[in-house]
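Multiple structures follow.
Both complexes shown next keep chain A, but they swap its partner, so chain B is in the first and chain C is in the second.
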Partner chain A sequence: MATVTAVRTTELLERLLRARRFDEFLLANADAVRGHFHVSIGLEATAAALPRVRRASDLVTTTYRNHAHLAALGSDLTVMYAEIFGRDLGHQRGRAGSTHLSDPGVGMLHTSAMVSGGVPIALGQAHALTRSREGAVCFCFFGDGAFGEGAVHESLNLASLWRLPIVFVCENNAAAEADRANDYQSAASLLALAEAHAVHGTAVDARHPAAVLEALEALTGDVRDGSGPRFLDAQAGRWPGNATFFPHDATGPTDLRDAQGDADDAWRSTDDPLLNECRRLISTGFALDRMLDIDRRITAEVDDAVRRARLAPVAPPDTAFRDVVGS
Partner chain B sequence: MTSDSTVMVLGEDVTAGGPFGLTKGLVDGHGPQRVRNTPISEGAVMGVAVGLALGGARPFVDLMFCDFMTAASDQLFNHAAKIHFMSGGNYSVPLAVWTIGGGGTRWGAQHSQRLDAWISGVPGIKMIAPASPKLAAAAVLEATADPDPVVVFADRALLYSRQDLPGDSGSPWRSRVVRTGSELTVAATGRLVHLALDAAAAIGASAEVVDVQRLAPLDVEPVVDSVTRTSRLLVLHDEAGPGALAATIAAMVQDVAFWELDAPIARLPSPATPVPAAASLEDAYALDADDVAGAMKRLLQA
Partner chain C sequence: MTSTVAYWQARAAALGRELDADGRVMLVGGYVSAPFNPPDGLLQRYADRILWPPISEATQCGFAIGAAMAGLRPFVPIGTSSFMFYAWPQIANEAPNVRYLSGGLVTAPVVFHVMAGSRRSSGAQHEHTPQAMLQNVPGLRIFAPATPADVDGLVSAALRGDDPVLLVDHVLLADATGDVPDEPDARIGRADLLRRGSDVLIVAYSLMVQRALAAAASLEASGIGASVLNLRTLAPLPIADVLGAVRNHPATLFVDEARGPGSTASYLMARVLEEAPSTVARLVCSHEAPSPFAEALLDEIVPTTERIASVAASLARGK
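Right after this comes the complex of A and B.
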């Protein structure tokens, strides 16, 4: 498999850490945020796999839960924090905030905060790519809740009908029922809903980043080959912090040493994709100390980013009235 | 489309010309990739257009009836309208939307309304409502070349009209005087421009008629200018009730020209009911030349 290279390196670990520490530092600096924000904790496996399969001309759409995608793709963490903190330094000069975070430098032109809002836009971007860039694809991330919106079903149909180069990635952290995809769906699975529109795909246990990477590589290859859109049902665990509006202390900062030995809760023992990747690396012979070194380096980088963003000037009030239209 | 290969047409049955012949023959010259039939999925199709626009294309969406704006509104209002601003000015959404509104065809409440105030009230959207064939053509060209989302709002009643108006060689981006007069000003849009001209002729009033065709950003400048000469203003609009764009036009004029007025600004919007289907009911509902003539006479006596 093409994933052999990746699974033998700390690449996934580094991207997972970059995303995880970004959100943990954000929670610790929540006093600098006006308005609400969403963290990606627990859902980082898909984000961590993305940079491995994404080519420079590929585009990405995501949701209000976007921090992991940007962090994993290598977006400037200081600029990300600056946007979230309402600073002029942000990519969108403070007009977007956490829920609309984007970065053209990593192929993310706009982020919708409407559930399912980015999905039809991804189709249009994929369509535009077919006009100019052979083999380029658009990665379209959305949550399981988006299946409640008509736009997702319209988009699956349209993408299939027009054979658009698009990889649908559903970050699914809803609990499955015995015979239904989740509490809000009558279909047996989300994959079945995609298949109904002849969008083929696969389901993967997204608590395990290496498994996600393998699935995403295979599906993306199909799409690049011109086979039409593909769908990934990435079934993640639920971070306990998502159950509350104030998740700050749900689990505390992640300690990679929890990957050794037996943790006594579901989050640490089975659900956390970061700890699971550590466990996988340990099983292939990596020393935990080496991972802790990587963690220290990344944590220092994130710490520095949040400090610099806090010191950045706020967005000047007069800029609130600019750029309503282009001409 | 010949001079700009990035222009694409999206809509239901557009290869066949659409229900009103708007896109007739386009597919012959430009092919089904640039003239794309879509499923009946207004929401997704508007989103596809937004994505295409972000990707460097210039999509032109035939939305058929403005009533369908309700289905397409998430993508048009929450996305197309806001992306330029929210991107910090980094990205534009060059997106043209053609849609039709207004009654007179007995098609009932979901195919006859106008939603001008709603559409024009969302910052980031531009809107032109042409009242003559030449300006409609000019509006389509301008909308397609513009860097921002532009809604061209065609009046159902004028769809097959060949009636030119004075000053048709001007820009669709400016409201304009189509009849000069000294006793009162009538501000109107779409078919009501023609109705105002007919009514003025019928009662022999020296009415100055302003075609308010740029609805967003709303251009009332020629109305204000006219009122400084006539001192009386009647605002007509084919939209229902107190929230109709007529109210905004009146308010904007009185903001700057209150002391020029010899009488309160008169407004004649459509009644605040859904548009009925039966001929007898729709005729009772719709503004006609008698309604306009009556309103003009009352204002002249005020």
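Right after this comes the complex of A and C.
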């Protein structure tokens, strides 16, 4: 049902654009950022699908690669930029920056910037939800690298053992090997690792947001029905601009018109979830001009947000000592 | 009105009281007193509030942190303190940062309970003092009861507060007896002067308070009057109470079961010497070797009542 709706609306497109333009403007304003940061470019399909399945009482844990999750969920873009720029206007008043960005208003209470750090925490949040909210779930996002950490395996086991209402979403942008999940795993697939702990799930081609939505909606439904945790291996392409510390805009600003013909590079031609969603919409009869209108509106919003955040003041120095512990 | 009870009884009663009073309080793991102390009945009385995770400390502790953020009040009996090393990423790097990284919007009121220090002949890997390491982590409270009244009050303070707490417990305190007030003494950042003497002040926490009291009793027989100041909490550190007591004594001995480097006692002594430079002070900590199995060797490392008394006596005599 959801997929049918997705076909007929630009809902996914709008969220993909909101996330993509946010990161593109951030890269263009990188001079305002101190310290390292990461962007979500190329991984936005899971984020774009999330708001459709998330209910207001659901919680979400994310990672240091969190911009798309927050942007797609509707967190205030000016506030997000302000936090990334270390300004007092940020939700976290300049203590968090990009890697710890969170927003309780969209169900994100705390963002660990440590690989696997948020995974055990998601379990406890899911447990708390079972005590207070019927049918509520916790969405737990992490990257493929987290499978190198023991905490992920412990958490899959415990979530399964206690049938916690949790949707594990692995944003997987590691290249698959012929006979194993990736360069760092000996198991045949990440799904096989989850299945070893009796956490069932599915793998999906996360270069295609509509496919991700369909998979996420099915798994979330299972979890809400009390079937225990589920696992989504969301296999995305690898955006060429990612780097250990400072990403660079390897592909330049996205031009939706590239969805019409052959794009000039491999990533745009096959891997970009935003262009792939545009292609899907075109194939269902959507006019490109209408998408360009949406893009102009969202781009203007993002442009305005980054300008306002750049003008926001830094927090007064004495606030460095606040909120360490309660009074 | 007060009642006289053993430490382990006060601990169980306090935990039971908090479980009764607040439906959000839960145990993530059940080994509060077992296997070393007498059975306390908690496992039977509150079975529906106790979860039993597998041996997965990182996930056990992270689970509790997440539950705390989402509105519950988890108490995590980790058992032997060194088990928490498996959960270091969660205890040292997640829980203490929740409030700060959220700009004060979110808190993680979780209690990590550990049996720290030497319980004698458990060997090098089961006799650590991680409180010394974790006092370097802002955002974490560290409570270290030494008496039945302390554990009664500090269990309540930990479960009623809004911050993550490391509750530093000690197996060898189980049989210590003392008076417990009708209302829990949940003050934090306040030290208690447990004994008064005019010649030397001994500042300590946890089991070392009991050894300091025994040392003071033996010094009295030699005509030396020793005061004993019980820190009760290491974070917040009761610096004002310590300075007040230090100024009332000609000499001060700081005692800590942790090894000296990075210990609470060494930091406290530095703070005192900064504020009151004329203080005559000495430090007694565990020596820098792992805890050996053989008791005769162990007594060379961990401060004994005799060593505390001996150093206090030499301080009191001005030597």
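Following the convention adopted for this analysis, the second predicted complex is superposed on the first by the 319 of 327 C-alpha atoms of A that agree within 3 Å, B and C clash if a C-alpha of one lies under 4 Å from a C-alpha of the other, contacts with A are read in each partner's own complex, and residues count from 1 in each chain.
By our rule, contacts are C-beta pairs under 8 Å (C-beta built on N, C-alpha and C of every residue); 3 or more make two chains touch, one makes a residue touch a chain.
Everything numeric in this text was worked out from a predicted model, so none of it was measured.
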{"item": "Fit or clash - chain C, chain B, common chain A", "value": "clash"}
{"item": "Which superposed partner A:G150 touches (first chain B, second chain C, both, neither)", "value": "both"}
{"item": "Contacts of A:V106 with chain B and chain C, given as first, second, both or neither", "value": "neither"}
{"item": "Which of chain B and chain C A:I121 touches, first, second, both or neither", "value": "both"}
{"item": "Which of chain B and chain C A:A211 touches, first, second, both or neither", "value": "neither"}
{"item": "Touched partner set for A:M80, first chain B, second chain C, both or neither", "value": "neither"}
{"item": "Shared chain A contacts, counted only where both chain B and chain C touch the same residue", "value": "59, 90-93, 95-96, 100, 102, 104, 109-110, 112, 114, 117, 119-129, 131-132, 150-151, 154-155, 157-158, 161-162, 322-326"}
{"item": "Of all residues in chain A, those that touch chain C in their complex", "value": "59, 61, 90-93, 95-96, 100, 102, 104, 109-112, 114, 116-117, 119-129, 131-132, 150-151, 154-155, 157-158, 161-162, 322-326"}
{"item": "Residues on chain C engaged by chain A in the complex (per definition of touch)", "value": "51, 53-54, 56, 58-72, 74, 89-90, 93-94, 97-108, 138-139, 141, 161-163, 236"}
{"item": "In the complex, chain A residues that touch chain B", "value": "59, 90-93, 95-96, 100, 102, 104, 109-110, 112, 114, 117, 119-129, 131-132, 138, 150-151, 154-155, 157-158, 161-162, 322-327"}
{"item": "Contact set on chain B toward chain A in their complex", "value": "36, 38-39, 41, 43-57, 59, 74-75, 78-79, 83-92, 123-124, 126, 146-148"}
